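Please find the structures below.
Below are two complexes that have chain A in common, paired first with chain B and then with chain C.
Up next is the complex of A and B:
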């Protein structure tokens, strides 16, 4: 029954089908990258450096003659893993935070939102840099740092929707029927915030892909030689004119992933909200 | 006539809301209050339908919310049989869960009153599950029984509320309110958001349920034409104060409170028109509920009022023909009539 609904939505909505297809492909590449990649991404091929795209090296080779295609494929894992981790932490914390503030309201809400504003005043990249300064470079500190700066935005989105929902009479009806505040918040208010949460998650995932790449580009995130789109771009920068493909393909990968995800998020929201359909 | 069986008793109830203040008031420390319910006393008889009428903003919903336990009154008491439900500054007596089985509310807007993410079946099963009345399997049968009670087919359980029309939604809201078998039902303008064609059905349903289940009903409306169909008695609120409390027949028949008469003249469907055959809107402005005038609240719009009416608040007094009215002129007229009758019998 559920599967049938999903299949019919996919058939009727090409934008959903294409974006979902792309997202699935990216996920498959992320999971099975090392087996898909035609070559070892760290295999140095002396004498084959800076080769343009060809039958042997589909996306060309880099300074050390490593196969760019294989490096991109394997790098997908870091891009998605990092971004998903940011989204899970960010949206998880933000939802709990926003739901509490929005459902309780009043002074608690005020104080919680002001604290959020303070966190929000840190630019994302600065927070990433700060966490790297404290915990050293690597994916985990960068992910946590980004999740924390994004969190107040997610919290604010959930909070304002929770506020709107709490004023609906079904919440008062629940109180009058003797339902506990926890039940009302989780079973009634939260599901009505779901489409906002999904939209927020899709937006944050896109930002996270870009910001994580930027931090790797700055040498703070994923460390070479582990292939990652950000650190590949950083390297490409040194040979932009000589070997532009080194920048073009990682950039395309980032753009396609972000676009596909954004469309997927928008269509998903449309289909998940039963009242938005007709 | 036997003494009425009092089910709910509201005593000197007051409910104030703080006014949203501007910067100036904050700096000066001025605190102002909306007098939403301003010293209301009334009884709800067991098994009756008491209509609560008055223009928008007269405090009907606030009074209802106090009785339901959604609001904590600032002063006064609310009793249900011999249990005190609320007093100044506190809900008393039963816990929220116990209260849920005593008083329930039917809301004005059934769309807002239903969680659009849940199927009707889940909405109606939830009270049973939360109150551990039965398990999930047994709840299905109970949900069907509830749906039947409000005239909906069992398949309704499979639908989301947005797939139903407004009348069906309101039936679901009514069914949910009945799930815990409450004794008192408060219907807050339950037909105001429905098409005229559907209003009659819902009115009849509430009336039928009251009889079958022996419910005591408070029916809030600003439309007097429905009062005659459903109410046994009528309570008229104005600016948070009770103006008149009367049997329905007498309310439409006798010379009641000047405000009631103005309301009657302004209700098109009643065709109760003045001598000139015109439909009259009530002239004048409603005073602000923040600065409530010291005397009769209706003075600014009352065709019969004079300076004396503005000095003290007219007390709610029993009329010789039955019912209660808060008006100096009506009290004086009653007094003159009884005096006249008394002298007449002597002479």
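Up next is the complex of A and C:
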């Protein structure tokens, strides 16, 4: 029955169908990238450096004659894996944090939200920079930094739902029946926050893709030679006049992924949340 | 209400400063190795360097000294260049602010008319085109937009210089700033347009606007009536956006090689120049928090009901 509803939404909403299709394609590329790519992304082809796009090298080659198309395909994995990691950590921590603050309430809630405010006083990318300053460049510090900065927002969403839910009669009933707070929080409060958590996650994913690419572009995230759209763009910037394709294709890859995800997210929220339909 | 917010503001600033300070102190490796670039130096020299940079004292004393000087505008000395950090900030901050303010003005010039038009023509083609366009600009990160702009406008068309900050106050300067302004401005337009549109639609359906229309006020006068209230959410979104603006300016600065705060920060992180990193991060956090506060105050002035 749910599947039927999804199918009919896809049929009636072409924007949803196209963006969902693109997202699925990106995920498939991310998972199976190394098998799809025509070449090893780090294979150096002597004498073939800075070749423009051709039949042999669809998107051209870079400074060391590496196949840009293969590097982009394999780089998809870094873009999505990093962003998914940010979302999982962010939503996981935020949910637990928000549930505890919202369920306990009072002074604990107050202190926990103040700590959240402190984390929120950093723009996301700047927190990424701080984590790189502490732990050195790489994907992991950058992912953790971003997740921490997004966490208070997710926590707030869950917390405000939890505050509302804990005043509901069914929670009161559960309490009278002697259920443990943990059981009430997980079995009763959490399911009612779920749709908002999904919405939050869908927003953060797009931000995370952009911020991760930006940090790699600044040379602070994924380090070369591991192919990543951000660090490919940074390298391409050095030879933009000579080989503009090296910059254009990674830039388009980022834009198409983010656009597809933004449209998908917007349509998803429209279908999930009736109050958005105006 | 303002006093209350001000009181809440100060502990956050202190907490953030302590957090950044401690975070940069748990870094593996000794600042002295950064100072001496890893080359072997006699123990006395190391000892003297430690004293010079306060490293021989306990953390609490270090922080107190740093905070005391920072409040007076002295952020210590760069480990790499030995220049006062305040001087480095003085060299880079003007260009960063020029990019930021120019981008902000440009985004308002674009988003205010677009938001009002979209709201007035809600659901029609022009509205849908505007919404679609904002979704596209929202999906183009500033650094990709910057690089594509350089390829098109500098290398293919040859209209604008690709890098640098330019000289003087004439065309040379403007030609260098034009692309950074547009890239940053367009990136901020989407959220402003959407918020203003939603605010306008909300206001236009209120009774006092309907009454004004019924009295036969001209459409322009009606829009003026509603505009003030509709601006409240836009002012709010500006506060939220300030974070993206800072990040956007850092990236734009880096892409176009303007030599602003962004480049200084990235270089300092790569060279492990902690005093510089610390000063910039604290300044950004303070500016960010202060803007949030300012936005609250402005919003409550525009619409007194917002105060509670």
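We take it that the second predicted complex is superposed on the first by the 231 of 278 C-alpha atoms of A that agree within 3 Å, B and C clash if a C-alpha of one lies under 4 Å from a C-alpha of the other, contacts with A are read in each partner's own complex, and residues count from 1 in each chain.
In this text, contacts are C-beta pairs under 8 Å (C-beta built on N, C-alpha and C of every residue); 3 or more make two chains touch, one makes a residue touch a chain.
What you see is a predicted model, and the numbers here were worked out from it, not measured in a lab.
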Inset, instruction - For A:255, decide between first (touching chain B), second (touching chain C), both and neither. - result: second
Inset, instruction - Determine, under the contact definition given at the top, whether A:9 touches first (chain B), second (chain C), both, or neither. - result: neither
Legend entry - chain B versus chain C, judged by how many residues of chain A each one touches: C
Inset, instruction - Scan A:214 for contacts with chain B and chain C and give back first, second, both or neither. - result: second
Inset, instruction - Based on the superposed arrangement, let me know which partner A:168 touches: chain B (first), chain C (second), both, or neither? - result: first
Legend entry - First, second, both or neither for A:188, with chain B first and chain C second: first
Inset, instruction - Show which residues of chain A both chain B and chain C reach, each in its own complex. - result: none
Inset, instruction - Under the touch definition given earlier, write down the residues of chain C that touch chain A in their complex. - result: 12, 15-16, 19-20, 23-24, 26-27, 135-136, 138-141, 143-144, 147-148, 150-151, 155, 162, 243-244, 246-247, 250-251, 254-255, 265-266, 269-270, 272, 274, 277, 281, 284-285, 288-289
Legend entry - chain A residues touching chain C - in the complex, by the definition given at the top: 114, 117-118, 121-126, 129-130, 132-134, 137, 206, 210-211, 213-214, 217-220, 233, 236-237, 240-241, 244, 247-248, 251, 254-255, 258-259, 262-263, 266
Legend entry - chain B-facing residues of chain A, complex: 168-170, 172-173, 175-179, 183, 188, 191-192, 194, 274-275
Inset, instruction - Show which residues of chain B lie in contact with chain A when the two form their complex. - result: 68-70, 95-101, 103-105, 107-109, 112-118, 126-127, 130-131, 160, 162, 173, 176, 179-180
